[in-house]
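As structure tokens, here come the structures.
Paired with chain B in one complex and with chain C in the other, chain A is shared by the two complexes that follow.
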Partner chain A sequence: MTAPALPADSVGIVTPEKLAFHGPLSLDCGRILPRFDLMVETYGTLNAQASNAVLICHALSSDHHAAGYHSPSDRKPGWWDVMIGPGKPIDTRRFFVVCCNNIGGCKGSTGPASTDPESGERYGPDFPIVTVRDWVRAQALLADRLGIRRWAAVAGGSLGGMQALQWAMDYPERIAHAVVIAAAPRLSAQNIAFNEVARQAIRTDPEFHDGRYYQHGTVPRRGLMLARMLGHITYLSDESMGSKFGRELREGKLGYNFDTEFQVESYLRYQGQAFVDRFDANTYLLITKTLDYFDPAAEHGHDLAAACRQARARFLVVSFTSDWRFSPARSREIVQALVAADRPVTYGEITADQGHDSFLMPIPDYLRTLSAYFDRVHQEIAAHAR
Partner chain B sequence: MRADLAIISDWIDTGSRVLDLGCGDGILLAHLQAERGVRGYGLEIDQEKILACIGKGVSVIHADLEAGLRDFADQSFDYVVMTQTLQAVQHTERLLEEMLRVGREGIVTFPNFGHWRCRLQLGGSGTMPVVKALPHAWYNTPNVHLFTIRDFEALCQRKHIEIRQRAMVDTAHRSSPQLRLFPNLLAELALYRLRQRP
Partner chain C sequence: MTAPALPADSVGIVTPEKLAFHGPLSLDCGRILPRFDLMVETYGTLNAQASNAVLICHALSSDHHAAGYHSPSDRKPGWWDVMIGPGKPIDTRRFFVVCCNNIGGCKGSTGPASTDPESGERYGPDFPIVTVRDWVRAQALLADRLGIRRWAAVAGGSLGGMQALQWAMDYPERIAHAVVIAAAPRLSAQNIAFNEVARQAIRTDPEFHDGRYYQHGTVPRRGLMLARMLGHITYLSDESMGSKFGRELREGKLGYNFDTEFQVESYLRYQGQAFVDRFDANTYLLITKTLDYFDPAAEHGHDLAAACRQARARFLVVSFTSDWRFSPARSREIVQALVAADRPVTYGEITADQGHDSFLMPIPDYLRTLSAYFDRVHQEIAAHAR
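Showing the complex of A and B:
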């Protein structure tokens, strides 16, 4: 049987590469990673001036596989395939696109499931809590390794957008554009509360064994599944759930029992179960902490505008009307601070009913906004080359 | 470039900070950035116009002017500009206040409903005027508050708004001595530089 041809606007078959970094990495928590690996994918070609590189930052549950397919038989492409490819908004005929699995991740980069070189044991719960700043520091080392002095753009949605914001503040000379989508300048108490319920679901699973489940040969499936189900509710909107499932019953009638009766229950269970097979519970715990800790204004007297004054990049901030996890109001906080700091910023508020997940969806107005912006980024690169 | 935009451009100091309310396709800001080294933002609600701004390299912010300018601090801009939009907003008076709160100066332009053609149509044929500066019929016009130059200046007086400069242009977007003598009769478009008196 021949596999169906890949779409013409796909980057095609891609192969991730594991890059080893042997120097120690100092972390915000005070600890040091003696060495670390980053799993990396790249698409397109770096130009001679190394001026066309775009860094893509991933969110909570995604990884380095942002676009294309790992094999012709893959059912699904990378997580941001709608955005990256030939002729797509982040056009791989123009840009050299880089995406890495962050440290603490579970897709090949050094994380809780990796072996601690000092103890010879898996890190498990002893893996340091990493911050968005730590990730950005590691990504800067990756840029050095790839010969990229300055990114044409750093882009991401949700937690990925937070990394783009942090890049602009921590390495102002190394980023020309920051594309911050469906993000927030810090988590609200409600956001942290949801994360805490997710963590409790995992940590109270009897199979969790204080995070040393690798040694026990178990997986806290139930807890991780619950965490994902809860998270998934916050990624969707009431409208999108309503239009997708409504109150539809699987059997067409009430069964007066606790089986999976409504379609939405069945969907959430499926999402939760599928997640357990592809994600590590310790990584999930860790990254919810990374989210909770993110607060770039904190070191500037809780003045976000003061933090934004560090930046030299131009900004694109995008939000979605139905996103209640990081609502448009949260994006406007970022815009407001950038305006107060006199930094160039464009803000698009996209009408969409898919909730927080909108940033992954092929929504025409969203794609056109990104296309227009990246056209501009490309024109700047071309003008500089002349 | 539109004559009214050229006049505005002459009023704006080099290197200043400008907020353009209802910036459209960003033509004014693009011009001010290139020619006057201005740092500016446009506010716009229309998605197509936002894309046009992005294409010009203009910093554009999706915003609904009817919600006011609460995301912007007092006196945080040198100029807040609004071209031919004041007559199309619901809360005209509040937006004027907001402009002069956020900007050290406000620049507004509007179509003059006192122009003789408007008067002729309303007074003569007894129908709502449709003229070049006001091309819509009464039932599909985006304009909700039509006013004359005299009306506007009365409002400025009542609200202690100082008129720092004004310019009047006719159909061809030109000025003339007669026009300066009888602005409320002959001007199609009025342009004002305003400041809030303490």
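Showing the complex of A and C:
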């Protein structure tokens, strides 16, 4: 029996690679990581000028596996497979695409579950709280390692978009285009509030043991499940939940008990339980803090336009009408600051029902917008090569 | 030292009364409560015709204490004190105002923490799941007891508004006006999803003991705290959270740890912890189900207008622009159904930043709307009395 053929526009079977960085990395919190690993995937080929590299940045619960399959039996491809591949908007026949699991992560890069070289124990809760700026700093070392002086583009959705924005501010000479999708220039009080409920769910789970659950042989399953269930509500729109589940009952009638009755309950419980098996609670806690702390305007007197004046990149900013986690109004704040800072920016507000999750979906207008933009990026590279 | 004087427009010191009902109450789930108590407060005086009675219905986490103070040292009055009192919109010089803790509650009415007369044990998780229709049935028995054949008005916000709507459908001859504020004709999938996360938080708390925590001498504090924190996010708007807390840090700078850092975190934790001391987890679970089950259109082929055709009352429907729990669009569904059913309805959409909680707030436009409406109710009563 032969394995089913992979789609023709897939990057195919990919193998992540763990890269070790032996120099120390100074973090915003004042602490230093003496060494760290990054788990990395790449798709496509770096050209001779090293001018066609695109960095993909992942969001809260994601990782380095952005496209393709790890084995022919994988049920699902990488998280942004709709966007990356031969003939897709980020066309791997043109671009050398790089994606890494960020530090603090739980998919192979150095994070809370890694062994602290100084103590010989797992970091656990002692892993430093990392910032978007720290991630960008680590990604810059990755670029050095790969021989990439300047990214043709840095792109991402949600927290990934925040990294693209930070790249443009912190390494203005090393990024030609920043593609900032479904992001915000900083979290609102409501965004922080949702993160705080998620954190409390994990931290009050008796199996959390102050984050040292690895040593106790436990996992704060209940807390992480609740955090994920809550997250899912904020990723979907009221409309998309309504059209997906409505008020459909699993058994067709009310049971007058606390069993799973409505389809939406069943969906959320399943999502919550599945997440526990693939994600680390300390990483989840850490990355909610990374989100809360993101505020590039803060060190410029809370003037986002002043922060944007550092940038030299060109920008594509994209939002989705039904996204209430990071609504179009939040993306427009970024656009307005870029305009005020006299930076070139293209803004696309995509009509979509799927809420924040839209950035992961094959929405035709969205794919067309990114295709058109990356066509231009490619043309620039080709023009320079001549 | 004398106690501070109560405000002149307060109903003053009030004393709740527990009324015992000895007849059986048939519930929608098919079970029967052999007897039950209702904890009741009243303000003002019932007139000779018993034509000036107004029933106030409470929401998820509230109770019979709608106005006034239980003692001069109370820091806060009842939950709708802005609306009820001499000279206030529901003017206690004109109206006899009644409010009861609903069955299933935890403030003196029969609920999960009460003793089951059949087993001699606390009901706990065996307390039947009650519906809005069950509550209305119990409230009708309360009306009988008080000698009220017909309410001048039934009014409430959120789940309270749902009871007012149900009254108009189930007892068309016993209600002259229904005042339905910040409500919805049924919960959306997203509303149910939030309730489900709250329920899972409580039910997965190891101190929940399948709802028999009374016997174990425990309280599922963590779960109930999480449920309340989450609730609070949905009661406030993003705007009101932003203007109340912004991204203010308690210590003025980032701590790079998991202590309470942002003001909004501190607020939520405080609200969550305070709630645990005043509310019962089994009641909270039960009432989230009451909300999920509310769907008066269901038995009319999901045609809300058909359900509304049963009503004989006149309606005031009120919503608040920043309410995203039960948005103005949900109130307009009710209005449209009433119009389609040819029922008289006045609709007020109040511009307010405070989100769902607006219905509890002294917002001038809101107070004026209810004042004007209850003036009319009063004039009708006066006209009939002549």
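Heads up, the rule we're going with is that the second predicted complex is superposed on the first by the 385 of 386 C-alpha atoms of A that agree within 3 Å, B and C clash if a C-alpha of one lies under 4 Å from a C-alpha of the other, contacts with A are read in each partner's own complex, and residues count from 1 in each chain.
We take it that contacts are C-beta pairs under 8 Å (C-beta built on N, C-alpha and C of every residue); 3 or more make two chains touch, one makes a residue touch a chain.
It should be emphasised that the depicted structure is a prediction, and the values quoted were computed from it without experimental measurement.
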Touching partner for A:Met361 - first (chain B), second (chain C), both, neither: neither
First (chain B), second (chain C), both or neither touched by A:Gly242: second
Which superposed partner A:Val339 touches (first chain B, second chain C, both, neither): first
Broader residue contact with chain A after superposition on the shared chain, chain B or chain C: C
Contacts of A:Leu142 with chain B and chain C, given as first, second, both or neither: neither
Which superposed partner A:Tyr347 touches (first chain B, second chain C, both, neither): first
Contacts of A:Thr369 with chain B and chain C, given as first, second, both or neither: first
Touching both chain C and chain B, counted on chain A across the two superposed complexes: none
In the complex, chain B residues that touch chain A: 17, 39, 41, 47, 50-51, 53-55, 57-63, 71-73, 76
Sites on chain A touched by chain B in the complex: 314, 332, 335-336, 339-340, 342, 344-349, 365, 368-369, 372-373, 375-376
In the complex with chain A, residue positions of chain C that touch it: 28-30, 125, 128-129, 186-190, 192-194, 196-197, 199-201, 203-206, 222, 225-226, 229-230, 232-233, 236, 238, 241-242, 244-247, 254, 256-258, 261-262, 264-265, 268-269, 272, 285, 289, 292-293, 295, 324
